[in-house]
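Before anything else, here's the structure in question.
Just so it is clear, A, B, C and D label the chains in written order, and each chain counts residues from 1 on its own.
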Amino acid sequence: MANTLYSGPAFDSSELRELKEKLVDAAHILDHEGITDGFGHVSARIVNNQAFITLAGVSPGCATVDRLVMLDFDGNYLGGEKAPPYEWPIHACILQARSEVMSVCHTHSKWSSLFSVLKGGLRPIHMYAKFLPSSGPPIYPAAGLVGTVQRGAALAAALKDSAAVLMRAHGDAVVGASIEQTLLRTMQLSFLGELAHMAVAHGEPIYLTEAELATFSADQAFPARPWEYYLSRIRERRSS
Amino acid sequence: MANTLYSGPAFDSSELRELKEKLVDAAHILDHEGITDGFGHVSARIVNNQAFITLAGVSPGCATVDRLVMLDFDGNYLGGEKAPPYEWPIHACILQARSEVMSVCHTHSKWSSLFSVLKGGLRPIHMYAKFLPSSGPPIYPAAGLVGTVQRGAALAAALKDSAAVLMRAHGDAVVGASIEQTLLRTMQLSFLGELAHMAVAHGEPIYLTEAELATFSADQAFPARPWEYYLSRIRERRSS
Amino acid sequence: MANTLYSGPAFDSSELRELKEKLVDAAHILDHEGITDGFGHVSARIVNNQAFITLAGVSPGCATVDRLVMLDFDGNYLGGEKAPPYEWPIHACILQARSEVMSVCHTHSKWSSLFSVLKGGLRPIHMYAKFLPSSGPPIYPAAGLVGTVQRGAALAAALKDSAAVLMRAHGDAVVGASIEQTLLRTMQLSFLGELAHMAVAHGEPIYLTEAELATFSADQAFPARPWEYYLSRIRERRSS
Amino acid sequence: MANTLYSGPAFDSSELRELKEKLVDAAHILDHEGITDGFGHVSARIVNNQAFITLAGVSPGCATVDRLVMLDFDGNYLGGEKAPPYEWPIHACILQARSEVMSVCHTHSKWSSLFSVLKGGLRPIHMYAKFLPSSGPPIYPAAGLVGTVQRGAALAAALKDSAAVLMRAHGDAVVGASIEQTLLRTMQLSFLGELAHMAVAHGEPIYLTEAELATFSADQAFPARPWEYYLSRIRERRSS
């Protein structure tokens, strides 16, 4: 830990307990809803710090509070299980580039994988796209896992100021102002992909314009409702 | 409650107990069968009254008899949880416009969302469409959640005398003479969408004519059987 | 029962107990594997008799040994619950026309419903089609539920000497030398439909010739293995 | 056992216990993940021997350590249940031809069945294809179950030095350096098939080049993580 400037709460502090539990919940939800297979991870920034917690080397469906790891943005180990995910730069580089982002989710979602290799991109045809531009998410075009800071910085540059980026032949990365929002966006990106895939069979659909997306965005949002819903589904599973 | 003319049974009266339980069952069925995600609601008219009960601000899969709300057609609160759904005008305006309708269901069904943005509409190719015209359901074309009476009235006008209306980039609204019928129609509309989607890959299918739909309509119907079936599936879940 | 010539074992006799249990198992399997929704039925001939047992007015997933009915081929009631299925002529007319058939299954299978309205039919591209001709199953073209002996006879004529018939805008009817074989064929017809549907997106697939189907047919078959398998899946559900 | 040269550990020896349990786990995973229906089998070579263990005549979902069989490469019985699978030559002939292969998996996977009859083959568009050539897996073109050594040798010749071979109108055979690797490749082949199927609707996708596949291959792999994940899913099922 010699080179880190981190001076926030310790990994094992009670202050971080709720955050860690929410990360585990988010990982289980991604698994339960079929977004992740054996791979993928979700992270959360430590408030006001250049550091984050994410899954250690474990599948989202097998995550526990003891199988998390805390790192700073250079990848220095700050606590938890000593097995950082190979693609930790996805989280570090995006969180560094986007100070308002509090959580990053990376998956091999089937629908994001599909649209990551299509020339036409993923154009919105449903109101759930209100967190996206009307041209759809950008695509990070390079091959290879994001296992270096160089690749992570290129990914963050591709993401730019968007809420999601597709990763070619690989999957996606999605960001948000909270774990809940990042999770919901990841779910909705998957739904948008499925819809856009199906629509293509029918000739040109009626895409949403920027103005229409703005109309939907102006309406009330319900961040707490779907989170409660997805939680209820994994708790049902745990108790059965 | 100052401005309401409502004089029917109170929300907590035993008279409404069965209706409220049936609404909760319907919500759980929609969730269990994969029609709703974290959003959507189903309502029932209070017999002979300008009022209805629907889900309060809760996902269908998390509904309980304590998380319902009773409103009149102007949106005045009449009982239950004090959190009317943002899109209460869907129910109020349709129930007002269609006095024979006893129940309204609104979902973001994947298949309705798809056909809501396709230029060709959803033409029937299966007998389950016997509650629809042979040209398929109308489409409400405006962007934005139906959070005002003005939008609700426009939706009711688009529905007109049909049993279902697709809502562009959004989902659907389905009506019926009972909660059971509305639920079954919502399920069947989803099935019809899936079939019509698949058919398009194979060249022009053999659509049903009005006369053929009428032949199917003339045959016996079994409203009680699928309701018993769907109930058995959610009860199995509850007891596992 | 005045007009029946039936003189076989009584509905409640121990002789028929195993047959009735197997019918209920088959119904539950159809439900569990997603072939049936709230509708559909499976029947079995009473050996050496012009009579059969099938589901009474109940969804396959809700079937029990007490919710079966025994009828002769004219529809005369011979025992069990007094609610014959509306489409009993499907079973009566096919069993009458095909003396070697011991069991008939009728479902609204999604894939059969799809191919029932397509002009190209369902041509085999997988070895599971070895019970079908290389041109695929015939299609019964009329609208309307098969609620009369006249319609049932027309359906049997469309089936002719095939193992399956698609029913336009409705579903399918499948026959076999045992409940097990009929069930497996129903499952495999569904799989064949899904494959044929997917293949169409890729240009003309390499269809199986009669000679190739015959090569597969000449190989060993395993009727007991999938039955054991499907049974294990519904028993797992029952005990959970 | 007169003609066998086998001199390795006995089927019931404690030395083989772990291997047998892993085979059963792999079979249950294939079933749970929807790769196998009532058919298919997975095998493992006895280290340094011309012999292997595989499922006896049982569906993967019903496999137990008592329903396995040990055979040499001529099909001589060496222990376990006396019901070798009809297609034992799939395993014997591939293991004989490829001395580095430790495990073979044969399924009727929906996606492999599909691409086995398509003229264009299954070209990789996702990094999971790093175990495949950029032109996709070869196709064994003959009709008929692989129930003879002659057919098994032809299948091994079609596989050649690939990690997977599609079997026309039938399914696939996949090989690996361990049961875990073979299982994961079987799962990923299925995912690749689904992606390639969906992509075709959108016009030519951006395929992966050999160089790009090599870039992905050079990155870290996680064989233990998905195995732990898939195990957790079947254990959850067993304990519910």
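Convention: a contact is a pair of C-beta atoms (placed from the backbone, for glycine too) under 8 Å apart; a residue touches a chain by one contact, two chains touch by 3 or more.
Just so we're clear, the structure is a prediction, and the values are computed from it rather than from any experiment.
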| item | value |
| --- | --- |
| Chains touching both chain B and chain C, listed by label | none |
| Most distant chain from chain C, judged by the mean position of its C-alpha atoms | A |
| Between chain A and its twin chain D, rotation from the CA superposition, multiple of 5 degrees | 90 |
| Numbering shared by both copies at the chain B-chain A contact, with half separating same from different | different |
| Chain centre separation in whole Å, for chain D relative to chain C (CA means) | 33 |
| Chain A-chain C separation of Cα centroids, rounded to whole Å | 47 |
| Residue list for chain C, restricted to those that touch at least two other chains | 201, 240 |
| Residue ranges of chain D in contact with chain C within the complex | 37-39, 57-59, 61-62, 86, 110, 113-114, 117-120, 143-145, 147, 168-170, 197, 200-201, 237, 240 |
| Complex contacts: residues of chain C adjacent to chain D | 125-127, 187, 191, 194-195, 198-199, 201-208, 211-213, 215-216, 218-220, 222, 225-226, 228-230, 232-233, 236, 240 |
